[in-house]
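Structures given as structure tokens follow.
You will see two complexes here that share subunit A, one where it goes with subunit B and one where it goes with subunit C.
This part shows the complex of A and B:
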């Protein structure tokens, strides 16, 4: 049979394809619907948080930080409750990372503050002595891309039925509505409103002035995202 | 037909040889910079704080991995295909105007893709998925490049004189099919430019932005099915294709066992794809998938070692060549690193080992003993074998080649030993508890302890890069030498070409 295949490239290629496609069909497909259901307490990202998530991705924070807490005592002691599949239901893409040059960030919102992040991003070694993380000074001047974040919200709402402007169940038994603007202008207004809450806890005068002018520096969006990780 | 050897046309092979070397230098140089950034963080702002955004670790890291995978390695695969394909199929590219055109177009679009990738990654345009960072417009360009590669393979097969496909051709076909399937499914994404706001606004935000079709755990599952098998079909399958041609050719020995090559090939095809789950041990994907990933990773030793042993036994009775020829040294050490790396991988895929190894530098060490020791050595060996035949000139310096071999071997050894120690040290420190059951170390303690190993790794990388520069120089001097060799060296196996 193999000698025959080696003289018939088409059938050879079909054979190879069947051999390699088999595993994917069996391993990946059966779990698809199951894994994409959100757990109670998981809400979609707001416009500002999503813009911050894109800042996180733009700077490949996931190259050094994971967002996956494994079910070991040493990990739950250090980072909090181990990760559940449904907590990632609104993560497109997933940001588990593959290397912890720095610590896990899955629940960083539980134990770090806006103030801490601000100082840390300016000069990590000032907050964590002998840290090898570089400073991210440009985040204080670059502007966050609210338009694209809004387009992303619209896309996931339209294509994947992500529940914006709808009540989602929370752990305390109540519900929460994550608002999405009806227009670009409204999306900007919502993001700015949220940004004002973040900068209230910040010290950098240039960032405060920028937000007062109606602009949103990347650092504000990033901190909003990091604070949402719980 | 006259009874004389065919003349082959190496125009396209030459072009890809050039990019193999150029992108190899770029990828490895960035790697060395990254290594020293981890050891000495002030290097992050080496070009001043104004340009820090473009020189800092996180922005450069995807550029390093992609330059080495899709620049150096892929160019090497293309270069060898455009050389090996003609010779084992017994047909010249010059015989078909169409295939020649496709080959040149393939190269041209590849270059366009490379430029787009470099610019976009530096600007921070990325999807964040490892080795699949490119946004949708570049994905489409890559698919076109890949289809052209497919046309080149199957076109040449279509007009072949030798009816039986040589082993290397099996592996090139598998490379084409595997990457095509994996890349397409992992990069399913919806461009956000398609969205319309409730008040009818369209084309909002960046046109190149997209969201993944899969969310969370599913996205991770598809990504590591891709990520692991991009290693399979980028770093293993095509490199096995290369060694199946170049080792017998260079040594004049026939392949040790046809049956072993059959077993290894079909075994590798069937088993490899299952093993992706070992990247997700103790994550939120179902346990049975994790266990399957673990088990199949261990089974994977069989087909991997099958190929490697087949290569080593091909040298049976001719071991003096290893001492005499630096080129054979590269290939034999390459096969040995292949065995080494394909044993290390399954060990790391065992759940209890993975609990310590995952997220640490041991994984980084594993990738590099495979890529530096196996992929890098084999591609350089292939190019060393091709250069005299493509340029019709003797290799410029054999002693330089030997020096390069030892410098790079030392580099690889420093690299993986330091990363082993770093990884296992950190993995153990993360999980250490004191007598009261509290964590023994804060996270930063587990970082500062790594400094000496990071410095040693940087030196290892620098040695490898130095060797690569010697390689580039050697090939360059061969190319521009004025001593032309008129008759091509006679060769024995495979298949007498």
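This part shows the complex of A and C:
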């Protein structure tokens, strides 16, 4: 066997590659699989939050805002606990971002509220005088795409076993069940129910009226998503 | 003399000469510097050793005769003698094995460095510095620290002047605004402003002791105006306050421990509790800012108290 390998450098090289690759796999893969599992307190996105996430991506929020807190005191003082890889378990794709023109939003749900986001999206400079962020007024009139969000939910539930309608452990020791509708109509109903809770803390009468009519403006979905970032 | 040795001497001399020239010609030269001298000595030693080791092996190739018993194994027709393993080599081989086992089991620096370990050290160090520098901060400096924390954390909602930016958040220049008082009376409150107090009932649990009936809209307006005005003016409001609110909040509105918060003025414990638990009130929900440490909360309290005193 070894004599044969010594006479065939190509197969010898293949053998070396296989040996090293195997060692690498058993070293790296288990650790990687462990680290990418959702951490306790990370729940899947609800239909409305997922629609908000799509609004976030559609408006390229990630071009200016990162979602990755690095382990430095200056960052954790400002944004909260540094990010763990398991916290992105349900992010498809992740929205780490590579440049901070605005602040990090990884845990924005911990220190900003619905009414703050509402004021801020209408006119950022009204709450943060030095802000260079533009106003996102169309979010108040455009309708959120619940169908796409529901399709995404169905897909990830089926192909990646994302635990919808199942209890997931939370930090306080309790469990939380993120519901996913059985049909498009039910998904719309669930999203609307969640939107009503968000809108209760909002001031904009047009948005309130739209939700009362059963429509969901993009701003409601986006705020639901931002509030879920914890 | 063998020609080989002659060449060795010539090359050595040439390289030493080159070394001397390059050092001597460079700016400063050896300059009496111990590091320079060491480096040059090392270079000289290397030249001498290299040349004479090379000479030794070249000589060996020229004159040595191979003798001994050949091993059976042949590698591409290159044979090998069955010589004993050189002693020094064997010692190093075994030593390496022992060292390898020690390194694998004990010596491997499992916790030598980690990003999180470095972060923890950084935080511990900064916290220790903070504790040391601000252990007994008070008075004007505490207010200044509070202002800087306020401008970092609170400003985005309460505004730079702490006026709440046109009703987007509470105006902290006054203890309470009329609409806040009204909202609390109508909806009740359980904001843990003292940390452990009883929740305040909504308007269906608030009786006016004078009339013996539930508090009315007119009375709510009057008392809200009275409280928002700093517990003065509005006779009717004062009357409602004395008969409805004073039983918990005290006749002067300064509250009671474990029962009701001070509604006449800000107190440090009130503000630190709001920062710890957050608050839901007339305007909206304020998130908890528990990431601030105890000293920073105290400083924010000092700053906010200084605001409502008009300083």
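Assume the second predicted complex is superposed on the first by the 196 of 230 C-alpha atoms of A that agree within 3 Å, B and C clash if a C-alpha of one lies under 4 Å from a C-alpha of the other, contacts with A are read in each partner's own complex, and residues count from 1 in each chain.
Criterion: a residue touches a chain if its C-beta (ideal position, glycine included) is under 8 Å from a C-beta of that chain, and two chains touch if they have at least 3 such contacts.
Computed from a predicted structure; not experimentally measured.
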item	value
Subunit B versus subunit C as contact partner of A:194, first or second or both or neither	neither
Touching partner for A:49 - first (subunit B), second (subunit C), both, neither	neither
Touching partner for A:77 - first (subunit B), second (subunit C), both, neither	both
First, second, both or neither for A:85, with subunit B first and subunit C second	first
First (subunit B), second (subunit C), both or neither touched by A:218	neither
Touched partner set for A:137, first subunit B, second subunit C, both or neither	first
First, second, both or neither for A:31, with subunit B first and subunit C second	first
Dominant toucher of subunit A (residue count), subunit B or subunit C	B
Which of subunit B and subunit C A:128 touches, first, second, both or neither	both
Residues on subunit A lying within both footprints (that of subunit B and that of subunit C)	71-73, 77-78, 128-129
Touching residues on subunit C, where the partner in the complex is subunit A	115-116, 118-119, 122-123, 126, 152-153, 156-157, 159-160, 165-166, 168, 283-289, 291
Of subunit B, residues touching subunit A in the complex	37-38, 41, 44-45, 49, 52-53, 56-59, 61-62, 124-130, 154, 157, 163-165, 170, 173-174, 177-178, 181, 185, 190, 192-199, 201, 204-206, 209, 211-212, 214-223, 225, 262, 266, 269-270, 272-274, 276-277, 279, 282-286, 289, 292, 296, 355, 358-361, 363-364, 430-433, 438-439, 443-444, 447-448
Subunit B-facing residues of subunit A, complex	2-3, 6-7, 9, 12-13, 16-17, 19-24, 27-28, 31-32, 35-36, 54, 57-64, 66, 68, 70-75, 77-78, 83-103, 125, 128-138, 145, 147-152, 154-156, 158-160, 181-184
Partner subunit C, residues of subunit A touching it in the complex	71-73, 76-78, 80, 82, 110-116, 119, 126-129, 201
